[in-house]
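Take a look at the structure below.
Per-chain numbering from 1; labels A, B and C assigned in written order.
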Amino acid sequence: MPHAFPLVPQEASTLAPAVDHLFYFLTAVSVFFAALIFLMIFYFAVKYRRRSKDEPPPRHQVINNIPLEVTWTVIPMILVTIMYFWGADIFVKNAQPPKDATEIFVIGKQWMWHVEHSNGKREINALHIPVNVPIKLTMTSQDVIHDFFVPVFRVKKDVLPDRYTTEWFEANRIGKYHFFCDQYCGMGHSLMRGWVYVMSQDDYERWLRSGVSGVTMADQGETLYHQYGCITCHGTGKGPAFRGLYGKPVLLSDGQTVIANDSYIRESILYPTAQIVNGYPAIMPTFKGQLSEEQILQLTAYIKSLGSKERNTGTP
Amino acid sequence: MPNSHAIVAEQFDDREQQHEAASLGMWIFLGTEIMFFGGLFAGYTVYRNLYTTAFEAGSHLLNAKIGALNTAVLICSSLTMALAVHAAQTGKRKRLMGFLVSTMVLGGVFLYIKFILEWLHEYRDGLAPGLHFTYSGPQASHVALFFCFYFLMTGVHALHMIVGEGIMTVLLIMAWRGKFSERSHNHIEIAGLYWHFIDIVWIFLFPLLYLLGAHF
Amino acid sequence: MSSTEVPIEPRVHYLNADYSIKSWLLTTDHKRIAWLYLIAITFFFTVGGVAAVLMRLNLLEPQGLLVEPETYNKLFSSHGIVMIFFFMVPSIPAVMGNFLIPLMLGARDVAFPRLNLLSWYVFMAGGSLVLYALIAGGVDTGWTFYTPLSTLYLNTHVMATATGVFIAGFSSILTGLNFVVTIHKMRAPGLTWFRLPLFIWAMYATSIIFIIGTPVIAISLALIALERAFHVGIFDPALGGDPILFQHLFWFYSHPAVYVMILPSMGVVSELITSFSKKKIFGYHFIAFSSVAIAAIGFLVWGHHMFVSGQSIYAGLVFSALSMAVAIPSAVKVFNWTATLYKGSISYEAPMLYALGFIGLFTIGGLTGLYLATTALDQHLHATYFVVAHFHYIMVGGAVMGYMGAIHYWWPKMSGRLYPDGWARVAAIIIFVGFNLTFFPQFVLGYLGMPRRYAVYPPEFQTLNVISTAGASILGLGYVIPLIYFAWSARYGPVAGPNPWNATGLEWTTASPPPTHNFEETPVVTEEPYGYDRIAEEIQVA
C-alpha cells in the first residue's frame, strides 16, 4: 500500500525556516497571479463569448494602453526584485561556513558515499552529526560529479572530482533523515543515498568514540608523512616546513600569495610544480595516482594539526 | 531548379533581391561560424589562464617562423581572392580564372605547410595527445591540453580551408564554362566573403597559439 | 461521417501537382518540406513518448516496476534527447515555420529552397544516427551529457548519439539562416516590420537563437566525441581539464534552446487569440519586442543551471538577477494576451482551447521558474522533481500546447480539409487534464526532496508518483485521439475553403491548399495585422 504522504518537507536545520518563508512568499505571489490570470480569462471567456455564428467582430477595439503596459511591467519588476534580494541575502549568508564549524569529510564515488570524521571514524552511506552544532562538509569525488543533498536541511552542493567543495548546515532537530545524490552519476545514481542521523551531543560523543582505534585522521596522516618519505624533504628544510603552515599565507615563486587551505595542500601534493613556494626548488615529484583522496585528506588533517598547538580531534 | 538561362531563381522578384538575400545569408552563416570558433576560443582562454606556464611552454614548442610564413601565404591568398572578385565584377573571365587558380594554389601551399611541415613534425616529436605524446617536462598533462587545443583549432580551420578549396574548384569550372558576367557574379562574391573569413580566423589563431608568451 | 456534397473542383495545388515519391523527396517547396518534417517529428514524438510511458510505469513501484536502473537511465536519456533535439526544437519552427513564413510574408518560397530541403536531410541523418544508437543498445548520459560521466565512465553509444545531435544541429542552423534571410528580404510590398504577424516576430527571434546558440552546442558535443575517441583531457579533471567548462558551453546553448521551444508557441498563441476573439492584438509592439528581449536576455542566463555546481557565488548572483529579468517580458506577453480577450467576440474551437490552455500552463511554468531563479530556493529545488515539473509546464504545457494549437488552426490550410471539431475539443480537454494530473504532483515531490533521474526512490514518495503515472496515461490517450482524426481528415475530411476561421492574414487570402507558388498574384499589404475592426466597419457599411 502507498504510504501516507506529506505536502511539505520537515524542517531540521537553522537554514530551513528561512528558505521556507521565501518559498511561501513566492507561492503566495504565484497563486495570486495565476488566480488573477485564470479568473480574468474565465470571466472574459464567458462574458464576451460569441453569441451567434454570424456575430460581427467588435468595432472600436482598444489595442493599446500605455499606463496599463507600464503597470504590468513595473509591478512584476518590483516583485522579482524583492525575490532576488531576499534569495540572495539567504544565499550569501549561507555561503560562508562559521569558523568554528566541525569538519567532516565526504568522498563520493560511483555509487556510495564515504564519510570520515576527524577522529578517524568512518561510515558508508550514513552521516552522524550532533544537533545544534554547525557542521562543515569538505567534499570531493573519486570519479564523476555527484551532489550531496539533504532535503530537510534545504542544502545541496555538487561534489566534483579533483577539487573540494564545501557545504554546511546546523541541524536543530534530532532524527533520521534522507540524504541523496542529486547529480546524475550513472547506473546506480538512485541507489547512492543514505541517512543523516542527527543526535544529541552526548549521544554523538558516545557514537564517535565507540569502535575507533584511537587513531585520528591526523595520526594516519602522520604515518603517511613518514611512509611516503615526505619527511625527507619537508622535515629537513629541503622543502617548506609544515609547522604552523595551515591557514597562513604562502608567498609563491611568481610573487603571488595564496592561503594554505585544503585545496592548496591537495594541489601541492598532486601538482607540485603548479605553485612553487618562493625560495625552494621545484624538485617534488607528483603523488598523483599514489595517494587516494582519503589519504590526501588525512595528510591535510596532519598538516592542519601542526598548525595549532593541540591536535584537532574533531570534537568540540 | 532554375534553368541555366534564368539568372533569377523563381522565388525572387529580381536580381537585386536575390543578390541581397545571398549576401545576407553568407553574413549570417559567418556569424554562426564565429560562434562555432568562439566556443573553442573560450575554452582555450579559460585553460590558458588556468595553466599559463604550461601553455607558454607548449606555445614555445611550435615553430613560430613557419607559422608566420603561413600567415603571409594566407594573406596573399586573400589578396588574390579580392582581385578575383574584382575581375568578376568587371567581367574579365581570363583574369578571374587566373586569380582563382592562384588563390587555390596559395591555399594548397598553406595546407601543405600546415600538415606536412607542422602537424607531421609535431606528431613525430611526440606532441600529439591521445595518439603519440611523449613530452615529459613539467606539467606534461597541461601541455597536452595545449596541444589538444592546437590540433583542434588548426584542424577545424584547415577543414574550412579544404571546404574553401572545394568551393574554388566549383567556381573555376563555372568560370571556365562562362557562367559569370558583369551582371552575374554572386557566387564569386559570396565565396570571397567566406575565404576572407577563414583568413581572419587564422589572423586570430596565429598570435593566440604561436606568439603569446613565446620567447624570442 | 459527414462527407461534403460540394464537388471538389479539379484545381491544381501543391499537394496534387505531382504524386510521385520522387516529387516529395526532392521537393524544394516549403509547404511540402513542412510535411516532411511533420511526419518525421511525429515519429520522433512517438519514440520519445513511448520512453516516457515506460518511465512512468516503472515509477509506480518504489523499487521499479519494470526495469533495472540501468535501463531506466537509458529511458530518460532517450526521452530527453529525442524529445528535445528531434521533436521540440524542430516542432513549430520546422513544420509551421516552413509552411507559414512564406505564406505570411506573401512570398513564393523561402530565400533558399534547396538549402531548406538539405536541412531536412541533415535532420534525418542526425535522427537516424540517434535511432541507431537507441536500437543498438541505448545511451544513458541524460540529455545533458555531463562530463566526465559521458566522456570517461559510460560504455554506451555516446559517440553515435552525440554525433547525431551534432549533425541535427546544422539543420537548425541552416533553417534559422533561411528564415532570417527570408524575413528580411522576401516580404511582400507594403509589409513593413510592424505589419508583420507576431508569429513572424517569434520565428525571427527563434532563428536568431538557432544561429547564435547552435554552433556552441555543436562544438561542445564535438569536444565530447574527441575526448572519448582520443582521451585528450579537455573535460577530464585527472588530466587538468575542467568538467564545469562543459556545463558552461552546454547551457550557453541549451538554455536559449528552451526559448527556441517556447517563443514559437508564443507566436502561435498571438495568432490564435486574435483570430478566435476577432480582436486586434493588445500591445502589438510590446509583444513583438518582448520576443526579441527574451531571445537576447536568454543568452545571458545559462549560469542559473549551475548555482550549486561550485561556480562562484558572485556568478550565481549575477545569473540569478538576469534570470529574474526574463520573467518580465514573459509576464508582459501573458497580460497582453489576456487583455486581447477583453470585449472580444470569443469562440471556442479546438485551437482556441489549446491557446487558452497554453496561457494557463505557461503562467504556472513561468512563475515556478522564479523559484528556481532564486538562488536560496534553488539550493533546495535544484535537480529535484520541482525542476522536472517546471520545465514540463513550459515545454509540454507551453510549447506542445502551442504546437497542437498551431496544427489544429492551420491544418485546413495545409491539407485543405476540416477535422471533427467536437473530437478535437474533447482531445484538448483530455490533454489539459492529463497534463496537470501528471505534472502538478511533481512540484510537491520536488519540494519534498525527490531527486530527478531516480530509477528507485524511497517509499514515502509513492503516492504522488502513482497519481503522476495515472495522469500520464490520460495524457497519452489525449495525444492518440488527434492522430486518428487527422489521419481520417486528410482523406475524408470536408473541404475547408480558403478561410474557415474568417481570419485575417495573408495565408488565408490564398486557396486551401495553396497553389505551388502560394499566391496567384503577389499580394500588397496596406495595413497592420489582425484588422478585425476593419472587417467590422465593412460589415457595418454593407
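One rule holds for everything that comes next: a contact is a pair of C-beta atoms (placed from the backbone, for glycine too) under 8 Å apart; a residue touches a chain by one contact, two chains touch by 3 or more.
Since the structure is predicted, the reported quantities are computational estimates derived from the model, not experimental observations.
Put simply, the chain nearest the middle, going by average C-alpha positions, is C. With centres defined by CA atoms alone, the chain at the far end from chain B is A. For this pair, chain B with chain C, the centres built from the Cα atoms lie 35 Å apart. Averaging C-alpha coordinates per chain places the centre of chain A 46 Å away from that of chain B. The multi-chain contact residues of chain A, meaning those touching 2 or more other chains, do not exist; every residue touches at most one other chain. Touching two or more other chains at once is no residue of chain C.
Contacts with at least two other chains are made by residues 51, 139 of chain B. Residues 271, 273-274, 282 of chain A are the ones that touch chain B when the two sit in their complex. Contact residues of chain A toward chain C in the complex are 2-9, 18-19, 22-23, 26, 29-30, 33-34, 37-38, 40-41, 44-45, 48-50, 55-65, 68-69, 72-73, 76-77, 80-81, 83-84, 86-92, 94-95, 110, 143-145, 147, 149, 151-152, 154-158, 160-163, 165, 178, 180-191, 193, 288.
In the complex of the two chains, the chain C residues touching chain A come out as 69-70, 72-73, 140, 142, 144, 146, 148-149, 152-154, 237-238, 243-244, 277-284, 286, 307-310, 313, 316-317, 320-321, 324-325, 327-328, 331-332, 334-336, 338-339, 341-348, 356, 359-360, 363-364, 367-368, 370-371, 373-377, 379-380, 382-384, 444, 447-449, 451-464, 466, 532-533, 535-537, 539-540. Across the complex, chain B meets chain A through its residues 51, 138-139. Put simply, chain C touches chain B in their complex at residues 28, 102, 107-114, 173, 177-178, 180-182, 184-186, 211-216, 218-220, 223, 226, 229-234, 239-242, 245, 249, 252, 517, 522.
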